[in-house]
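In the two complexes below, subunit A is the common chain; its partner is subunit B in one and subunit C in the other.
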Partner chain A sequence: MDRYVIEAKDISKNFGAKQVLDQLSLSVPAGSVFGLLGTNGAGKTTLIKCLLGLYKISRGKIHVLGDDPWDFMEATKEQLGYVPQSDRVYPWLTVKELIAYTASFYKHWNAPLIEKLIKEWRINPEEKLGVLSEGEAQKVSIILSLGHEPKLLVLDEPVASLDPAARRQFIKMILQIVSDRECAIFFSTHITSDLERVADQVAVLKEGRIHFHGELGALKDEVKRLHIRSEQQLPDDLGLGREKVIYCESSAGEAIVSVRGFKKEFKDIIEATCKARVEVEDLNLEEIFLELNR
Partner chain B sequence: MKQTLPQIFQLYFRNPSFRILSIIFFLSALISKWLYLAHQTWWAEDVTTVLFIVTLWLTFYMGLIVKRQLANHRASLLPGYRRQHMMCFFVLYLIYVLVIMLWRDGLRPMIEITEHAQQGILAACLLAALGVTWIGYLSMGRIFIYFYAGILIMAKQTLYLLDIFEQAVYLKYILSAGSLLLVVGLAVRLTRLKEDHFEYGYLLAWPPRKYIVDQVKASQSISNIFDPWLKIFRVKRAPAIPPYPRDANLFVRSRHWDYVDRMSIVSILFWMTVAAPLYMLFIQRPEMEKFFRNVYTNFLLLTMTPVLVALGSQYKRITYWGYDLLKPVKKESYVKERGVVVLRTLFSYWIVFIVCLVLIPNYVFKPEVLHTLKFWAFFLLTGTFSFLTLTWIAYLGCESDSKRVVIHGIILASLVLIYFSLMPAFSILEMVMSNVVCLTGGVILTKLAYRGWCEQEFV
Partner chain C sequence: MSIKAKYYFTVSTSSGVPIYRQIIDQVKTHIATGRLEMDVFLPSVRQVAKELVVNPMTVSKAYSLLEKEGVLESVRGQGMKVHKTSVSKKDLEKREDQMVPLLKEVVTKARQLSLSKEKMAALLESLWKENKNG
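Showing the complex of A and B:
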């Protein structure tokens, strides 16, 4: 089995003159839960659609489950599940009919799992899809993506329309899927608290480029907030180099500085350079996300 | 308030389609009037036809625009929103009606009908325009079908309309009262339009998927009204869907997509059982001998209607192609199977149309025509030309260069018009040659369309 389920190298995507993805590289290990973070318009959905072969990349190379997405083989699609941001297909069908229709395409279909999820999430199988609420439609979409027990599940903001109980159930389900079988999950979201609970790898997308890519723990180790107190004027780069400083807010003798690529030595360097007292604050994922998008 | 009204009017005039239709409306009114006054009657009549067609489109579009303005949450939440938008709508409507009144002024005795008949026709046109505005406002495909059936029934009387208006003067007052009733009805409905009303959603908008969902909700109410009738035709979906026949041939595989697309059968049955008898009723009049009963003059209706109906029935499905593409089917196979579905839909509708509008009427009224070779060459040509047109449109559907689309569109439209005009004079040989050219062209365009759609991005 390949080590990575997704490998993207220097991919770019243009819509006319507008460049949405800019020489982006990414790799998602098999069996991992990979979270993609990014503000609105950062290019998350475009990236996902390129990974699924719905968009053709302008430059670069992508391999998903060892295959070129633009020309996916049937066998690859058998191992792929996808939950789009808003899923409103075939509104004239009932939930039951859509499940039967979707199942007919797959060689393997776990019907008991689907039945169980339908019951757990209190979906009426006789209801027409067109009259379901956003949240219910999203639940159906998630359920459908699991029927063929894919090796890679791609979720584009899957919990945005779910209520807290359904979100909790969804997270539990993801953890269960990952522990039961070798399934990688790639999902984009704004809800960082969910990501923090399940993701072992994250990537931060900003203006079409990956600003961080690695383990969640590493990201937390790398981005810190420093509280600096000093009698003297603080230099702009604090002696660390401008590229390390994400954001700096200073007033007389005091500064709050967010830094990337944090190392323990930073504290000593600043204390020595600025004759200051430095306190290091750990940030949660939401704060890191906000800092990186300043 | 002073600034709001011009802003609302701009919503109309900054809309490119409305602007184009309005320009054509005013120009055709002006030019046709000038031509009448210059005694260029032949040209004047042609331009008047343009004015008539554009007026219909314009009224339909106005209904659509006012619906867009009022079928949203702002209409209920912003103070004075509805009143101001409705005021602008009715002012614009009045301006267009006034243009028509002015157009008519001074044309007597050039248009040789009596004053009563003219007024009756105007009242009837106003009623029809308001009916069309209502359709634009409701904007649901199925309403077109019922409306079309209504038109066919009314058309039985069309040729006597002038005589009727001359003799029964009271009729114009009844029609005017009907128009007034429709205006009041529309105003009342616009004042109260809420999300749970059946017509809240609309179809001709982007992105289509959201509005299709709205339409499904909206059409529930209409379905309830027609349920007893629809049940006669309703096809029950199979309780269990067999596995996708991966190893079967292309035609069998393409049928698997039909499990979600069965509503078109209802439409076909409708045509066969309702529209065909109405059409027969319509063309049985002796006055129809020269046109509708002469099969060769019907080329446009017989070729374009199946294409438009087939495209219309597939248009909604295209929005799901991105979703379906992720099912374990190779993209090339998927595009081929979808192509077969589209062509099969065209073929089904073509058969229905040709049987209902050509074979049965000719069998009844002119059975001798069925024994001529020319008839069967024409019969085939309606099919091959529909095939050519559909594949051409399918090819243009994946063309991203707008200039090429415009050029191809002009060539296609010209070809349709040339065939329409020259068809009655075509010899058998010309028809046979046309069949060969259309079939060959269709096959080439199918291949080009296939390549194009394989490279298309689906979302």
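Showing the complex of A and C:
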């Protein structure tokens, strides 16, 4: 088994003159739940479509389950599950009919698993897809993506149309999937509280570039907000180096600065170089997301 | 006897503290206060993950860091239990450690509100008495 289920190196994607992905690199470890965080228009869906070979990348290299997405082998496709953002193509079919239709595309299909999930999620198999609510339709798509028991499940904004109760149910299902079988999950979202429960790896996408990539806990350890009070003018980089400063707001001897790559020594460095007093504030994921997107 | 994770741990996603660290802090608190005693087995990673609705990797990270610190001890085929020495070290220093992060927050807030050290001490004094009486 490879260490990574997804490896993208220096990939770019242009639509005409518009560059959506800009030399982006990403690696998703096997068995992980990977959350891709980004604002609307950051390039999440484009990235997902490139990873699945639905868009051709302009530059760079991608390996998904060891294979090139643009030229996926059939065997690789059998191991991939994908839930796109909106997926209501056959409103005239019943849930049961859609299941049978989807199953016919795959060599391997775990019918009892689907039956079990349909029951657990309280979906009526006789219902027509056209009359399902947004949340129910989403659940059906997710369940269908699991029938062939993929090694990698890719979900594009899976919780966007779900209410808090359905979102919690979704998270429980994701956690159940990862603890029951060998399956990595890659999903995009902008809802940070869900991500925090379910993901162990996270990447922050902004304007086509990755701004953080690593363990979720590490992100919280690395991005902090500093409250600084000083008698003297504060230097722009606070003696830390420009690349560490995400955002700085200062007036008359007081400053609020968000920094990346935080280490405990920062406090001492700033206090020494700027003759200042520094308080370190922990940020939750949502605040970090907002800071990185300023 | 197995412990129900929900009664022992609570996680908050709106906190600036990573979930794995929240679990670590809570295990230590429970040991310091005697709620988790020596040789007691903690609920399994799977169970905690399920009850708290968090990723199992997060729980397992917390447990393995606690094991590295000598707070927990892994017993083959049985899970994680509270290590002897971590309980015997249930001394003043350990308990003080528990208060430090809380007090740091208090100090920060007090400074923001321009309350003096003396004012804060007086406030603590009166709250202490009140708590005892109530």
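Basically, the second predicted complex is superposed on the first by the 294 of 294 C-alpha atoms of A that agree within 3 Å, B and C clash if a C-alpha of one lies under 4 Å from a C-alpha of the other, contacts with A are read in each partner's own complex, and residues count from 1 in each chain.
Criterion: a contact is a pair of C-beta atoms (placed from the backbone, for glycine too) under 8 Å apart; a residue touches a chain by one contact, two chains touch by 3 or more.
Worth saying up front: this structure is predicted, and the values here are computed from it rather than measured.
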Side-by-side fit of subunit B and subunit C on subunit A, or clash: fit
First, second, both or neither for A:Val131, with subunit B first and subunit C second: first
Touched partner set for A:Gly217, first subunit B, second subunit C, both or neither: second
Touching partner for A:Glu254 - first (subunit B), second (subunit C), both, neither: neither
Subunit A: partner with more touched residues, subunit B or subunit C: B
Vertex subunit A, arms to subunit B and subunit C (CA centres, degrees, nearest 10): 150
First (subunit B), second (subunit C), both or neither touched by A:Ala199: second
Partner chain(s) touched by A:Tyr55 [first = subunit B, second = subunit C, both, neither]: first
Contacts of A:Met73 with subunit B and subunit C, given as first, second, both or neither: first
Shortest span in Å between Cα atoms of subunit B and of subunit C, once chain A is used as the common reference: 28
Residues of subunit A touching subunit B in the complex: 49, 52-56, 71-75, 77-78, 80, 82, 84, 87-93, 97, 100-107, 128, 130-131
Subunit C contact footprint on subunit A (complex, rising order): 32-33, 168, 171-172, 175, 178-179, 192-193, 196-200, 216-217, 220-221, 279, 281-287
Of subunit C, residues touching subunit A in the complex: 11, 13-21, 46, 49-50, 53-58, 61, 108, 111
Subunit B - residues contacting subunit A, complex: 209-210, 212-213, 216-217, 220, 237, 240-244, 246, 256, 259-260, 263, 320, 322-323, 325-331, 455, 457-459
